[in-house]
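Pasting the structures here.
Both complexes below contain chain A, partnered by chain B and then by chain C.
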Partner chain A sequence: MGPRRFLIGFATLSALGLLWYGATSVTGLVSSGRFPSPIETYTAFQQIAWRGYAGGTLPAHALHSIRLVAMGFAVAVATGVPLGLLMGSSRKAEALINPVFLLIRPIPPLAWIPLAILWLGLGDAAKIMVIWFAAFVPAVINTFSGVRSIEHPVIEAARMLGTPPWRFVMEVVAPAASPMIFTGLRLSLQASWTTLVAAELVGALFGLGRVLNLAQQDIYPGMILVGMIAVALCGWMTTRFLAFGEARALAWRHFEAKPAR
Partner chain B sequence: MDRRLSHSETIGLGALGLMSLIGLWAAISGFGLVPDQFLPTPIAVIGRFIDLFREPFAGFTLQQHLSSSLMRYLYGLLLAAVIGIPLGLAMGWFRTLDDVVTPIFEGLRFIAPIAWVPFAALWFGTGIGGPIMIIFAGAFPPCLINAYRGARFVEPRLIEAARMLGTGHRRMLMEILLPASLPSVMAGVRVAAGLGWQSLVGAELIVASAGVGFMMVQAQASVQTPTVMAGMIAIGITGLLIDVALRQGEGLLRHRLGAD
Partner chain C sequence: MAAIRFDKVQKYFGRGDKRMHALSNINLEIEDREFLAIVGPSGCGKTTCLRLVAGFDAASEGSVSVAGKPVMKPGPDRAVVFQQFALFPWKTVRGNIDLGLRNKAIGFEEREKRIADVLKLMNLETYADAFPHQLSGGMQQRVAIARAYVLDPEVLLMDEPFGALDAQTRVVMQEELVRLARVQPRTVLFITHAVEEAVYLADRIAVMTRRPGRIKELVDVKSVRDAEKWNRFERIEDVMDLDSFVHLRTGIWRSLREEKNG
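The block that comes next holds the complex of A and B.
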C-alpha cells in the first residue's frame, strides 16, 4: 500500500465518520430510530461493556460465541481433513462417499438450523452441530483436491521406497496437500461465523447473536451496531489467528514462488 | 492413489454408499429406535414433501412459498449484479475510485451478511425488503470483487491499443473491459448466486412472513420434523437447479463469445 493509497483511504474513512456524525447528530437527516449516532453507539457500548445486556457483558457474549465457533470448527477439521485425505488417497473411498456428499451438499448449512434445534434444543450443542456441518464441506473438498493435485513423481518416489500406508499419508500426502488444506480451513472458518450468527439469531440464550436479536426486538439501533462491530472484530481476530497458524505450519512455503491467486 | 476404478465399480460403490446412508436412516427411524418427531422415516418425509404441494402449511402451499422465496432471491441477486459489476469494473479502471471504495469495502466485508438482519428488518421490514437486503449483502461482494479483478487483469495490450485509438472512458469500460473480463464476472455471479441462496435461507429463518425458510421455522416451532426435512429437500433441489441453470448460461455465453 503506497502513501497515496493510505492517504486517500484515511481521508475517505474520516469523511465517512464526519458524514455519519453530520447526518445523525447535527442535521438529524437520519433519525436515531433508524441508525444510531456515534454518541448513542458509544452509550450502548458502555452499557453492554460495564452493566451488561441480554444477560451478560460484551466480553462474556463474545467469549461464548468464540468458544462455540472454535469447538464447531475443531470438530469439522478433525473429521473433514481426515475424510478428505482418505477420499483423496483411495479411489474406492471416493467412489463410496462422493455420491452421499453430492446428495447432502446442495442443502445450505443454514437450512440445518431448524432441524438442529428440533434435535438438540436451543443450547450450545445445536450450534456446534450446525457449525460442524457448515465448516465440514470446505474442509473435505479442499483437502481432497489438495491430495489430488500432488505431483505424481512425489507419490511414486514414496511408493518405490516402500513407505508404509500410515507414514505415506502422514509424511507425504498431508504435508504436500497442506496449502490447499489451509485454504479450506479459511473458508471453513468464515462459514463457521456466518452459521453461528444465523443460528444465534434464530434462537439462542446467550452470545453475540442473542445480543443482536434482543437489540432488534427492543428497537435499539445503537446496540445493533455494537453487536455487528463485535461480530466483525471476532471474525477478524480468529481469521488472523488462523493465518498466524498457517504461516507457522507452512514456513517452508516462503522459499517457493508464490502462486498467483 | 490406487488404480483407477472401472465404470461399473464406481457406480456400484456409489450406489452402496447411498444405499447405506438411506438404509441407516430407514433402519433408525423404521424400527422405532428414536421417536418419530426426532427422525421420521424417509417415506414419511417424501410423502410430506408431496403433500405440501397440495395442502398449505403456514398459510401457503410449498410452491407458493418457493415462488415468494425465488422472487426475493432474484431481486436481491439482480440488485447485487447491477450495482456490483459496474462498480467493480469502474474501480478497476479509475484508480481514485478504487482507493476510495476499497477501505470501506474491506471494512464492511468482515461483517457476515446475516449480521445485517436486525438493520434490514428495521429499515425495510420483514416482508420483501428485509430479506432482499440480506441477499444483496451476501451476493454483492463476489460480484464486485470478480468484476474488479477481471478489469485489473485485462491484457494490457488491449488497453494500450484502445488508448492509442483515442477511446473514451465510457467506451473503454463498455467495449474493452466488460467483454475482456466477462469470464471472471460470470464466475463471480455464480459464486454470488450460491452465497445469495444461502443468505436467503438464513434471512427467511429469521425475518420473513412467507417463503421456504419461514415454513421451516414454523414447522420447527410446532415440532413437525417431516415438514422441516421436506423444506430442506426443496431448498436443496432449488439451489441445485439454480447452479445448473447458471452453468448452462455461462457455457452459452462463452460459446457465443467464442472463448472456447
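The block that comes next holds the complex of A and C.
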C-alpha cells in the first residue's frame, strides 16, 4: 500500500471518528442508550482491559476465542481438504460421499448449535464442533472444484512420468488445486468466526461472544461496541495470518517474469 | 522388431448413435531410432494415434505395442512432449525434470548427473532454478523436451510441440531438434499439421485422410535427405530452398489438399 492510499484511508477513518464524536457527545443526536459515545466506549474498554468483565480481561476473552477458532478451523482444514482432494481425484469416492454431503450441506451451521450444546455442553468442545461443521463445507467444495479444474495435460504429464498415487496427490494435484484450496480456506476462516461468535452468544462461559451477550443483558452499549471491535480485530488478525501462509505457499505464482530471451 | 507398432487399430469415441469413428484400420511400424511424422487435416485423428501410444486412450480394436509390449497405461518409457508444454508451474525447471527420475527411484547422485547433462544438452543451465512462467514459450518447451529426454525413453512422443510458439522461436526449436536427433537419436513419433516442419524433421511421413483417419500414404524423406545431403546446411531456410525439399513438400501438400476439398 502506497503512502498516498494510506493517507486517504487514515483521513476517511478520522472523519468517521469525528462524525461519531459529533453525533454522540457534542450534539447528542444519537442518545447514548442506543449507541455509545467514544468516551463511553473508552471507559468500557478500560474496565474490561484492566479490571475485567464477564469473568475475565479482554486479552483473556480474545485469546480464548482465537484459540477456539484456530482449533475448529484446523480440524475443518485437516478433514475438509483431504476429503475434497479425494472426491476430486476419484469418481468413485465422489459418487459415494456426495449424496451425504448434499444432504448435510443445506443445514445452516448455526442450526447445529443446539445439538452441539446438548451433546457437549457449554464448554469448548461444542464450539469446536460447530466451527468444524461450518468451516468444513467451503474447504471441501473449493478443494473439490480446484481439483476438477486442473488442466488435463498437467495430469497427463504426471501420469506419463510414472508418478505413483501418493506423490501424484501431494506433488501434482494438491499444488495445482492450491489457489482454489486457499480460496476455500479464506471462506472457512470467515465462517469459523461467524459461527464462534454466534455459538458464544447462545451459550458460553467465556470468550468474546460471552462479553457481547452479557453486555446486552446489562444494557451496556459501550461494552457491546468494545466486544464488536475486538471481534473485528481478531478476525482481521487471523485473516492476515492466513494470507501470509497463502503468499508463502503460492510464491511460485508471484515471481516476476524475467524478460524473454 | 519395430519400436512402435499399430496393428489393425480402430478407434471409436462415444457410444450408440453418437459413436464417432476416429481411426480406421491403422497399420504402421516405426523403426528403432526412426523419426516419423504424422500429418493430416485437423480432426483426422493424428493426435489420437499419439495418445494411443502414450496410453492415454485405448484402441477400440487392434493393438498398439512399443518394443514388442502392448501398451496398457502411460509410463516413462513413452515420454510425451505436449503442445501446451504441461510443465508443473509450482516446480522449478530442475524440479520438473527431476520428477520422472524420482519416480524411477534413481539415486540422488545419478539424478544430479543426468539433470546436469540434459540441462547442458538443452542449453538450460542458467535456468535450473527458475519457475516455468519466468521463461519464454520456447524455453518452456525446451524444459518439457529435457523432462522427456532425461528419462531415456524407448520412444519420444511429440504432439504438435511447436504449435504454440511464434514463428521465429519455432524455427529455432526445429533446428534444435535436428541437432538433438544427431547427438542423441531417438525413436520419435511427431504429430504436426505443418508440412514443411514434417519434411524438415522426419525420416518418414505418414499422411492421413479425413475422419475416419486412415493412413493414405507413407513418404520416405530420409533417402532423399541422405542422397541430397541436406545435412550440409545449418539453417532451415537453406534446406527449404532445395529442389528436393520443395518437391517433397509440394507432393504432400497436394495429397493433403485432396483431403480438405474432397
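We adopt the following convention: the second predicted complex is superposed on the first by the 242 of 261 C-alpha atoms of A that agree within 3 Å, B and C clash if a C-alpha of one lies under 4 Å from a C-alpha of the other, contacts with A are read in each partner's own complex, and residues count from 1 in each chain.
Methods note: a residue touches a chain if its C-beta (ideal position, glycine included) is under 8 Å from a C-beta of that chain, and two chains touch if they have at least 3 such contacts.
Here the structure is a predicted model, which is why all the values come from computation and not from measurement.
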Quick check for you: in the superposed arrangement, does A:Trp252 touch first (chain B), second (chain C), both or neither? second
Touch check for A:Val172: first (chain B), second (chain C), both, or neither? second
Touching A:Pro164 in the superposition: chain B (first), chain C (second), both, neither? second
What is the contact status of A:Glu156 with respect to chain B (first) and chain C (second): first, second, both, or neither? second
Touching A:Gly235, do we find chain B (first), chain C (second), both, or neither? first
Under the stated touch criterion, which partner chain does A:Arg4 make contact with: chain B (first), chain C (second), both, or neither? first
Which partner chains sit in contact with A:Leu29 here, chain B, chain C, both or neither? Use first/second/both/neither. neither
Per-residue contact with chain A, leading partner among chain C and chain B: B
Shared chain A footprint, chain B vs chain C, residue numbers none
Inside the complex, what are the residues of chain B that reach chain A? 1-5, 9-10, 13-18, 21, 37-38, 96, 99-100, 102-104, 107, 110-119, 121-123, 197-198, 201-202, 205-206, 213, 216-217, 219-220, 223, 225, 228-229, 231-233, 235-237, 239-240, 243
Looking at the complex, which residues from chain A come into contact with chain B? 4-5, 8-9, 12-13, 16, 33-35, 88-92, 95-100, 103, 106-115, 117-119, 147-148, 155, 193-194, 197-198, 201-202, 212-213, 215-216, 219, 221, 224, 227-228, 231-233, 235-236
Can you tell me which positions in chain C touch chain A when the two form their complex? 54-56, 73-76, 78-80, 82, 84-91, 99-100, 102-104, 130-131, 133-136, 139, 147, 151
Help me check something: in the complex, which residues belonging to chain A touch chain C? 151, 153-154, 156-164, 167, 171-172, 175-176, 178, 252-253, 255-258, 260-261
